[in-house]
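Below you'll find the structure I mean.
We call the chains A, B, C and D, going by the order they appear; numbering starts again at 1 in every chain.
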Amino acid sequence: MPRTQTSHSQPSARGDIAGTYRQVRSLSEALVGPLSEADATLQSMEDASPAKWHLAHVTWFWETFLLRDHKAGYALYNDDWPYVFNSYYEAEGERIARFSRGMLSRPTLGEILEWRAHVDEAMQPLLGREDLRPLIELGLAHEQQHQELLLTDIKHALFQNPLGSAMWDATPPPAQKQEDGWHSHPGGIALVGHQESGFAFDNEGPAHRVLLEPFALSSRLVTNREWDEFIADGGYRNPAIWLSDGWAWVNQNGISAPSYWREGEHFTHCGWQARDAEAPVTHISYFEADAFATWAGHRLPTEFEWEAIARGQEGEAPAHDAAGGNQLDRAEPPLPVGSEGLFGDCWQFTRSAYLPYPRFEPAEGAVGEYNGKFMSGQFVLKGASCATARGHSRPSYRNFFYPHQRWQFTGVRLAKDI
Amino acid sequence: MPRTQTSHSQPSARGDIAGTYRQVRSLSEALVGPLSEADATLQSMEDASPAKWHLAHVTWFWETFLLRDHKAGYALYNDDWPYVFNSYYEAEGERIARFSRGMLSRPTLGEILEWRAHVDEAMQPLLGREDLRPLIELGLAHEQQHQELLLTDIKHALFQNPLGSAMWDATPPPAQKQEDGWHSHPGGIALVGHQESGFAFDNEGPAHRVLLEPFALSSRLVTNREWDEFIADGGYRNPAIWLSDGWAWVNQNGISAPSYWREGEHFTHCGWQARDAEAPVTHISYFEADAFATWAGHRLPTEFEWEAIARGQEGEAPAHDAAGGNQLDRAEPPLPVGSEGLFGDCWQFTRSAYLPYPRFEPAEGAVGEYNGKFMSGQFVLKGASCATARGHSRPSYRNFFYPHQRWQFTGVRLAKDI
Amino acid sequence: MPRTQTSHSQPSARGDIAGTYRQVRSLSEALVGPLSEADATLQSMEDASPAKWHLAHVTWFWETFLLRDHKAGYALYNDDWPYVFNSYYEAEGERIARFSRGMLSRPTLGEILEWRAHVDEAMQPLLGREDLRPLIELGLAHEQQHQELLLTDIKHALFQNPLGSAMWDATPPPAQKQEDGWHSHPGGIALVGHQESGFAFDNEGPAHRVLLEPFALSSRLVTNREWDEFIADGGYRNPAIWLSDGWAWVNQNGISAPSYWREGEHFTHCGWQARDAEAPVTHISYFEADAFATWAGHRLPTEFEWEAIARGQEGEAPAHDAAGGNQLDRAEPPLPVGSEGLFGDCWQFTRSAYLPYPRFEPAEGAVGEYNGKFMSGQFVLKGASCATARGHSRPSYRNFFYPHQRWQFTGVRLAKDI
Amino acid sequence: MPRTQTSHSQPSARGDIAGTYRQVRSLSEALVGPLSEADATLQSMEDASPAKWHLAHVTWFWETFLLRDHKAGYALYNDDWPYVFNSYYEAEGERIARFSRGMLSRPTLGEILEWRAHVDEAMQPLLGREDLRPLIELGLAHEQQHQELLLTDIKHALFQNPLGSAMWDATPPPAQKQEDGWHSHPGGIALVGHQESGFAFDNEGPAHRVLLEPFALSSRLVTNREWDEFIADGGYRNPAIWLSDGWAWVNQNGISAPSYWREGEHFTHCGWQARDAEAPVTHISYFEADAFATWAGHRLPTEFEWEAIARGQEGEAPAHDAAGGNQLDRAEPPLPVGSEGLFGDCWQFTRSAYLPYPRFEPAEGAVGEYNGKFMSGQFVLKGASCATARGHSRPSYRNFFYPHQRWQFTGVRLAKDI
């Protein structure tokens, strides 16, 4: 998943950075509200982390890159904690093996919340410093990314429990029916990458020109209904439509449906629910997305095609800016509902490998490890999911995952040559 | 570890079985007293189970084999729970994969304690039934075995945490210096296996005669001091003293000391503590025990040699019957202290494979799976550890583990031919 | 499989040791006669070795333990070869990883045969030395053991080829129908272990007394017909009759029949052949043998029960001493045919773990690694198979394998309590 | 590695396709000339295949896609062989597991050579058919690709032998010193992909325009001398210069030098040889190439940058067209020597993921599996190595491997932004 910002950014929240800080930090804590101490400690696979660990790791980020590096006289809250709450920053030293995060019953959730309060208090004088604004914006974006991971990770953990545990007690609303249609583009030279004022991660730049062939991008996401047709047509048993690595993945793992599916139902943060045929399909891998597109006689878009369409529609409000759009800001269960915008239901796989843009340079120091070192073997996803912070909906955002991963809210928007 | 009793047993507690039931059940709950909900949910490896799961599994045992099978009209407390709390009884149906026990953040510890109270209430009328006495005694012994596992499993789980979490806040007492000496035996025919009144597991019988050669058994356990000498002499780097499988195990796992050791210290339920040179070494594998014995110019005893000496000393009180002996009955931290009896400090590896005695027959039905199906690949251990229930100290008791396992309180008592 | 002799042995071939040497060495070479250079280089799994490697390893044994150690001035034929042809003798230094033996296309088969001739020439003056007789007898027995392994390993390798490659072009004779019956034994004290003059491996001694309960041993081996009944009765799908480790092995490996079986046929050195219903079943694991015995309402014998019956029948000629008995001496395809003796069709699993006899001491030096270091985790097999050298048929012989292994000619002879 | 051609191709050998066929087929056989039957059967890893298998697989390709599909009345030489010699064509049915190719001691090398002669004879009437020219050209290119794989696979297999086996007895010539320099490009729109007459694989098209930023490409390859400097500077121990997946690969595999290196030497088809400091470094992975470029303060080129420079230099003869250039055509040992052209020493990693060009469509039928299904997770390499057929040197050629693979002759040509 993406992770440092470009330098020239303006305040994301237009001045009231202290207020944004307060809101973001509060939301993280609200998200673990429904969880028990034990729920918050679960780690179900190496890719995922405990909810409690997310709360601590983002706090380590603030303490390390803001307080330790930029606040005179600040002493670490606990000298032993960086070892367990550093994620992958080699420049910050050795750390606990990734899959041992689930063994951290201590410190307790209460102790982590106390640490959070301590760091929040210590951060106050720094929030007004203009020289630190880029780092603070990065810290906010970082914490928001971990909010999404917290939600997808706890979903995966609760799913392991055969008793069908739910996190929220709520009834999902019916999905909106999406209209069929295609956004056409005549091809030609397009300017892509982060080019506006405002925060963006380093991997979204530098802005640069690309040459596009004429194409069209679907105005809607592939639905559960269509995926049922794909399955009924033998989609998971026909090697002709799969990438070679995808076919091996299907067979080695006995894959025959999206993740979280069982007969007529899927597992959600609200437990097992009837599957809505009109809702966008989610929790599919790149391999499945690509096979579906081939089966459908189309293809996945490139990241630049997707961005070009998104830029052409900037007059339109991103879907989850609208009332009732993004559930996450209100700490409600994330559920794709089938909007017509490009943002807010699920991340959309592109056929673009996650690689550096021309003249890309990672930042100096540990934060330079945020994005650049992951540029091999992964694919770019565009858009935003129902679990993504509202402020992350922008055309240049680049999310990235390996082609077999599917515990995020990932879906498919088709493209075609014209 | 051992698991059905022989039939002809007398009440272990001489009549007051209801009182024993109450004590055993209470102790299980007392043991989790110092644990948080998150601690009690941890599973650190496939061999180990969460503390909370142990509390639930033993309750499933009472509910299944006593209440369901023998109490008219009893309805299961929760129909979905057998799937998650059955351990390995194939006759009781499918169950959760062993290594997924650590994903059970639900039911909560509170819910399991409520279930325990419900089952205890329902059990009251059954405790007086003479026909059920063997099954009830089995249930009690079973729960006591899981108390020991609970302690060794949580020790292993807390050890994974680099922050050095402790379960109890206490200072271990200094070890008693053990006197050197040998118990000699002239050889000849000995009667072994369970032959007294009182409870025993099915694998302890039938009692039968064996032929022994003259031998001697050490009157004391190998100490940490001796193990340090073994290490200093290159014990872990000299293939000549190791079994072939043991040498492979050492090299594949980078073994160079007993489990839980670091420079001068070892990890205990009270956190990291200085290692007492006079205390018995613990947490060693069969492979290590055998290599040590070879290095020392002696050998491990057979299970029958050990039992013959234990029977010859029955006049003596088992060590942990003495005041201050067995810590477990008082829910205190288990620590080997170096007594002179054969019971109470640590389990002692024998060179006997865990195999059926002549004319052994497992019980009918699911409880027949308790012991017999594990009779391949494991070695017998005799004695009792500081974490074993006092009532389990008897000459015929057969504990068993694979030769690489060492998360139990396992140690070495040497033997020699004379 | 077993591998150093006891000291007090008499010449196995009563004086003509040079002749025996010549015969044994020739047979090894005759066995690879039907193989191409490529066949002889195949290694199909870590447990097995290339045919060519067996020819070289036994030669390394002669060169190392006889020529190098006992012939003044002998220079190694090739200084680099011990690294690749030492099997597991730690005292002889580092060696190639076991599973890399299949990468040794060089030296060629021709070069190895030249080495063999060179060593045979150099050995001549030593064959008459009385002080070396025990070592020479060990070398002969060692080479004979590798002849059996060569045959079972190449069978396994050829089996991997879906084209159904055969090593010999021959038609197996029909099996003899075995008579039902039981050999009874009244129990009591029996003397077991090597006690005669003549060669034996160190693990066959010291001879010692054991106490037996009354029992009976079947006069015949379990047949393919009976195994078909076991399968038809759901033997591979009923956990109640399996050891716990065996049931895991069945499920993890999808086991549903003996090795080398397919519909009505089995794979042999002569390629795929119709399965003879009256022939002894072979290529089954300990787990299968134990499950079958439980299913049949009987049990496996102990190694001492088996030996006691074998000793009681010593008047009888072992089956493959008879004309036409053991095929191996004539370099013909090994095939079990269903004799009534205890030797010569297949190795018979006992329920005895492979452990040291009382007062067992391995020999000094590298040859002490021959047998003793394998004494954990394995089971003893008695008898001899159709691929075993004739001279290895003796009551005290102890073969040993892990409970999951089944590429040897392994079968079942039932026992029961009486 | 690449594998169907575009349709509009002209005869590669300007008319004498029968002569080209004869030459290509002969060269395959000449390459196995120095190998024994056993050498030719070795498979050292799943990525590699036995030399004998390559000879058979390419023959299967001719028999299947030309003779079976296009020659009336042709009967397969052996109905069982497609199962073992199909590589990865799902449309052609089930096949032997990839890693079992090394178990095919049968058919023998002699039998495969007889099959080759049979197929060559049967192919004669087809070689003149204009309608089949594209398929024939594909078959030729396919066989040439397998010649390169045969060489790199046998090198890997012989390397496993600690005795240092060589394939050829020859002394490598000294490397030419390459001149430093940069080829500059002003950026702008470039036409890339196959656009000439003549054969090309399907993945080289369609030709299309791309937009380039100004850049420069080194006129020479990175040398062994420079790689020694990289190592001396701690290149393999500094996580800051590695991709995250690369750093994990280094640590999990204990990587500290290119493949085939040991102190001062490297393993070649001529055995262990002194390493020439001026020769291009080879046998490095993408991860290593990328880390080196970062360490050097530069970067890897994109596939389009590389191609643009190659197209700008088309007046120059590709290096290995020169006398003494490409060794493979003369069945001599392949060795990089350090030429100044872009082709002929080693494949050069680009930072471009191996993905479809705009409007790419795989061919219909089984040959459509040749290239397209591998388009995930791999990187494009440009150029040609010392083991590549001369006719494969063209600007649009796209080779591809996973970022950890390094058994091909892979090297580094640096690029930089200007």
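In the analysis below, contacts are C-beta pairs under 8 Å (C-beta built on N, C-alpha and C of every residue); 3 or more make two chains touch, one makes a residue touch a chain.
For each chain, UniProt lists the protein as follows: A, B, C, D = Ergothioneine biosynthesis protein EgtB.
Fair warning: this is a prediction, and the values are worked out from it, not measured in the lab.
Asks: Which other chains touch chain B while also touching chain C?
Replies: none
Asks: Can you compute the centre-to-centre distance for chain A and chain C, using the mean CA position of each chain? Integer Å is fine.
Replies: Their C-alpha centroids are separated by 60 Å.
Asks: Counting in whole Å, what is the centre-to-centre distance of chain A and chain B, each centre being its mean C-alpha position?
Replies: Here the centre of chain B sits 47 Å away from the centre of chain A.
Asks: For chain A and chain D, let me know how many angstrom lie between their CA-based centres, rounded off.
Replies: 38
Asks: Edges wherever two chains touch, nodes for the chains themselves; is that graph a line, a ring, a star, complete, or other here?
Replies: Shape of the chain contacts: a ring, since each chain touches exactly two and the loop closes.
Asks: So in the complex, which bits of chain B are touching chain A?
Replies: 36-42, 44, 52, 80, 83-84, 96, 100, 102-109, 157-158, 160-163, 165
Asks: Residues of chain D touching chain A in their complex?
Replies: 88, 90-91, 189, 208-211, 213, 239-240, 242-247, 286-287, 290, 351-353, 355-356, 358-359, 373-377, 379, 403, 417
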